[in-house]
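What follows is chain A paired twice: with chain B in the first complex and chain C in the second.
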Partner chain A sequence: MNLQHVRAMARKEWWHLLRDPRSLALMLLMPTMLLFLFGYAIRLDISQAPVAALDLSRSAESRQLLARFDASHAFALVRAHDSRRALRQAIQHGEVWGALIVPQDYARRLQEGRARVQLLLDGVDANTARLVRNYALLVLQALGEEQGDVPALVIRDRVYYNETRESRLAIVPGVIALLMAVIGALMTSLTIAREMELGNLVMLRTTPLTRGEFLFGKLVPYFVLGMLDLVVATAAAVWVFDVPLRGSLPGLVGVSAVFLLVVMLQGALISILAGNQLLASQISLVQTFLPAFLLSGFVFAIENMPVVLQYVTYLVPARYYVTLSKAIFLKGLTPLALWGVTLPLLLMLLILVLMVRRRARKLGLLP
Partner chain B sequence: MSGSLVVGLRRLGALLRKEFLLLLRDPRMRFFVVVPPLIQLIIFGYAATFDVRHADIGLVDQAASRESRSLVAAIHGTGHCRLQRHADMAAAEAALARGRIRAIVRFAPDFDRTRRLQIVVDGTDSNSAQVILGQLNRALQQAAATQPPRIELVERNWFNPNLEDRWYFIPGIMANVVLIATLILTAMSVVRERELGTLERLMVTPLGRLEFVIGKLLPVALIGLFDVLLIMVIATLWFEIPFRGSFPALLVGSLLYLLSSLGIGLLISTYTRTQQQAMLLAFFVIMPLVILSGFAFPIANMPRAVQWLTWLDPLRYYLVVVRDLFLKGSGLFDHGFEYAMMTLLGLASMGLSMLRMR
Partner chain C sequence: MAEAASRPAAEAVITATDLVRRFGDFTAVDHVHVSVAPGEVFGLLGANGAGKTTTIRMLCGLLPPTAGHIRLAEVDMVRHPRRARGRLGYVTQHFALYAELSVRENLALQAGLYGLSPARARERIAWALQHLDLEHLADHKARALPLGHRRRLDLAAALLHEPHILFLDEPTSGVDPLARQQFWELIYALAAAGIAILITTHYMDEATYCDRLALMHAGRIIAEGSPDDLLARPLPTPLLEVRGEGCAACSRWLADWPEVLEIIPHAGYLRLRLRPGTDPQAVIRRLPEEAARRGQRVEAAEPVAPDLEDVFVTLLEQDASP
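Take a look at the complex of A and B:
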């Protein structure tokens, strides 16, 4: 491989990037936007859930019960419905997430120590329904204990690595993986497919440029851009979103570089196989972005997936990177301590290099 | 007048034929219309779940009493947990750090006297952490209770009695797939003509601007509708999700939704010159549209300012329509507001792009 050739190719690609400020701006803005969107817009916890309250008991006891729900940050009770029919309508139309019904005999049965409260939930959003139900149970348990229930167990719970229980902390490190997958795969798949589509490759065939030099030169500028994005994203994670970086920065940069190379090579492979930009972009979206979002354990835990799909996730590079990123940020581990996760990523890099080399023959350049 | 209309329609027909041929001639493109939506549907259908059905839980039982053993049996009885025993807390914590287990349940040596027990969960996956805490809490309290609680909660879940996450996600996928496919196709097929220089060639033909746009959009709209039907069939037959609402309402809602997604695609094409730019910008727009739609993350949990932004998201309205149609069984006239908003956003984006295309 002639370094001068590589440099020429990379320089050409740089000019290409710089001459197209819109694309460049998008590539630099995208990570920041994604980070802010995910960091601010996504809350997996609920607070102030709109739940309709229907008090059929109208007693001091029932008012005390509802006051408890009011006091909990999880609920925002709505007292605007005076019949079960109205409640049903409100849930049907999505005005409230559920309804709490205190039956007529609540006060009497509470005296006897066997009161009941009904909770109707809109089950469409199953996860929210589960969370609302759990919070309701907590409120009732606390109230019951105050009224003389002897707690059978005292459970003290702690959330390690995220003591304040903010979903932001768990999400932001994962978003960085998503960013790199997008920037890496999308960019590279488009740039090579573009040369193929516009017929520029045919012209390059008359030059002494080899396949390796061509690919290498193409990838260098995007690699630099991707690493730049990583720096921006990490800085924003630490300083804007207050995500603690407990592990080593060099470790993070190291695995990020490997991951970026992996997704870039994936993009290169896709574009060589697809040959046109529209198809390449679609495939790289389905091949890299979606798996990075869905099959990486970023928001959806892998162990809850069907076993077949769990095996599929082993083929998704983002799976390893998300684990590493979360572990380095929150758990303070090093990539070496997690060699079981780092190694597959390196292996993927090797396999992809070999695959791209094989397929690059299709480019028709010198070997 | 009617003569020119006939000519116009003939021209439109010619362009439509060209567009269809171009889209479907390439076997890879035919593949693209069917396979990526299917992959998305299947992966989402199986992968997207917030519920925890299998969690590896570390157990540190230093009490080793009859009581603690019966509680351990209760955890086992939930059917959601695989227990791993650890000799002490340090070993369990190491396993937690390595991600081998999601949570630790610890009975201290003096458990029988104090009735205190400790649960530690891994906060690096905040949703699983919450769900596991809830499950363990419920199972343990229920098993330990000697008498029923003073205030019992009777719960019922409407529309989705078993709280299946899939029922929530799959109608949403329909909205996502259609958005991604049609928006990108529209934007890129217009920009492609520009990049390859064929737009200039079209400009010297008698083809009008409106005809050009309609010729570009109609095939994409048909592809979008095809994807809606494809997903509808698989959702109901394969994933067995009930479709309780009115089918005409699905068609009306989808058409209005397509109006806005094509409009946004067209608008993107007017801001870009190359397919690379178009793709980037499309992606730049799709991501917020998806995240802000309430597709996976409820809008009500977002900060107020972000909630205002979601009003501009056509996906948000379409999601309400499809979810209600599938699960709540709504009718043709139940979604006037959503229809109106989608029409408004569609007309606004179409109008703006027509202005810009001049």
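Take a look at the complex of A and C:
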């Protein structure tokens, strides 16, 4: 490998990048955009959810109950309604996410220790409905205990690593995996496919440039930009989203570099096989973005997937990286302690290096 | 440079012997020999599909030959491709540099790919910009250059590492005549500096600019020599030029004459190729009265010397019907 050849290629690639504002913007702005978009948009918790109430009891007890709901950070009672029909309408029009009905005999039955309330939920968004229900149960349980109601079994839970149960803490590290997968695979596959498509390879083939020098030269600038993206995303995670970085920064940088190389090699492989930019970009989106989004455990827990799909996730590099980055951010573990997750990622890197080496013959450059 | 053909092969800087390339059952190049000496401009001619581009691609190392040997400047192309590449420059048929990079950036890339030291690169880029008249365009994007200048940029890129050998694959196709003229002046200057040049073209006038020519047909070289050698070959088919008012109309009845093999219409005159063994004088004597009988006028009819195109057409016909 002649370093001067690599440098010439890398410098050329850099000029191309600077010359093409769209790619550069994609590389630099998309990470931040994705981070903010997902960081704020994907919520697995609720806050100030609008809930309507129908108080048929009209007693001191029922008013106390509704006040508790209103005071909870999860709910906001929008207004009291006077009929079931009005409640239905409020839910139908999306004014509220749920409704609470306090029956006429609430105060009396509370005395007898067998009070009931009814919760109406908007099942169109099943996920939100479940969240509203769970939060409502918490409020009711707390109230019941205060009133001396002693349930047979009480669960006292303590949540580690994410004490306030904020989904943002779990999601932001996942977003970093997602954006590195996109930047790495998409940009790499485009840049190599472009050379094949526009015929520049024909010229390169008559020069002493080798395949390895070509690939290295092409990948170096994107690797540097990808790592820059990681730094920006980590900084945003820590200072904007208040995600604690409990593990070591070098550990995070290390596994991120391995993951970035894995997705970049995926991109390189795709572009060599596809041979043109359009196909390469489509395949790399399907091959890297979607699995990183859906199958990495970033939003959807792998344990809840159908068994077949769970096995598929073992082939998704983002799965390992999401686990690692969450563990490093929130649990303060080192990549070494998680060798069972780090090792497959390194193995993937090795396999991809061998595959790219094999397929790179198609480029027609010197070996 | 008629003596070029007889130069001893040891002096040649491009030597290809028994070159064969097959694509499945199709033989694109069939036992071709090429040898070009330093300072020589060697032209490879032929119709599309004759095997020119396949030959040049093998010589540049873009395509491995099915059989045969290629030596470039004493280096075996097949066994030591990397070393051989350092000694050749190649200008592709289509622009293959980077359109989004400037002229200077493209040259800097080439300098890096050929491993020139920074100081040497600066020196050679300055030389190339000056000699190929690209200085005023150095910071323009390659895509913004007119075609003629783009071809010169191609040439500049191929020359940075001072190759012993230059391959030019139809470098002037689509270029306007003035730019073509300038391009050929550059080629002569490079040959004068001792570079061996192998060029493919399908412009006949350009063929005459070469020191030596090889005509390819169906994957084989069917004739080789200097343009003068080729023109000096006795043609079996006599040629006549017929001038006269409205003589274009003559082609209608001339086509029926058994002596006439082919009529090539030109502006203001007809060119007749006669069948082998025909006496041109007899045809010349008959022409004016036959024309007059039809109310047409033949002012002059005379035998003419063949040009390269006539020679090649004849050679191709002979090759097609042995």
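Quick note on the criterion: the second predicted complex is superposed on the first by the 354 of 367 C-alpha atoms of A that agree within 3 Å, B and C clash if a C-alpha of one lies under 4 Å from a C-alpha of the other, contacts with A are read in each partner's own complex, and residues count from 1 in each chain.
One rule holds in what follows: contacts are C-beta pairs under 8 Å (C-beta built on N, C-alpha and C of every residue); 3 or more make two chains touch, one makes a residue touch a chain.
None of the values given here were measured: they were computed from a predicted structure.
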For this session: Superpose on chain A as described above, then tell me if chain B and chain C fit or clash.
Result: fit
For this session: Check whether A:203 is in contact with chain B, with chain C, with both or with neither, and answer first, second, both or neither.
Result: second
Exercise. What is the contact status of A:288 with respect to chain B (first) and chain C (second): first, second, both, or neither?
Worked result: neither
For this session: Name the contact category of A:125: first (chain B only), second (chain C only), both, or neither.
Result: first
For this session: Name the contact category of A:4: first (chain B only), second (chain C only), both, or neither.
Result: second
Problem set entry | Comparison of chain B and chain C by chain A residues contacted | B
For this session: Using the superposition on chain A described above, determine whether A:182 touches chain B (first), chain C (second), both, or neither.
Result: first
Problem set entry | Contacts of A:234 with chain B and chain C, given as first, second, both or neither | neither
Exercise. If you stack the two complexes on chain A, which partner ends up touching A:366: first (chain B), second (chain C), both, or neither?
Worked result: second
Exercise. Touch check for A:12: first (chain B), second (chain C), both, or neither?
Worked result: second
For this session: In the overlay, answer first, second, both or neither for which of chain B and chain C A:20 touches.
Result: both
Exercise. How far apart, in Å, are the nearest Cα atoms of chain B and chain C after the overlay?
Worked result: 10
For this session: Touching chain B in one complex and chain C in the other: list those residues of chain A.
Result: 20, 198
Problem set entry | chain C to chain A touching residues, read off their complex | 60-62, 81-82, 85-86, 88, 90, 92, 94, 96-101, 105, 108-115, 157
Problem set entry | Residues of chain A touching chain C in the complex | 2, 4-5, 7-9, 11-12, 15-16, 19-20, 198-200, 202-210, 364, 366
Seminar exercise, completed: Listed in rising order, chain B residues that touch chain A in their complex are 26, 28-29, 32, 36, 39-40, 43-44, 46-56, 71, 93, 96-99, 102, 114-131, 133-134, 136-138, 140-141, 144-146, 148-161, 163-165, 167-168, 180, 184-185, 188-189, 192, 195-196, 271-277, 279-281, 283-284, 287-288, 291-292, 296-298, 300-303, 306, 320, 323-324, 327-328
Seminar exercise, completed: Residue set of chain A touching chain B in the complex reads 20, 22-23, 26-27, 29-30, 33-34, 37-38, 40-50, 65, 91-92, 94, 97, 110, 113-131, 133-134, 136-137, 140-141, 143-144, 147-149, 151-163, 165-167, 169-171, 173, 182, 186, 190-191, 194, 198, 274, 277-279, 281-283, 285-286, 290-291, 294-295, 297, 299-301, 303-306, 309, 323, 326-327, 330-331, 333, 337-338
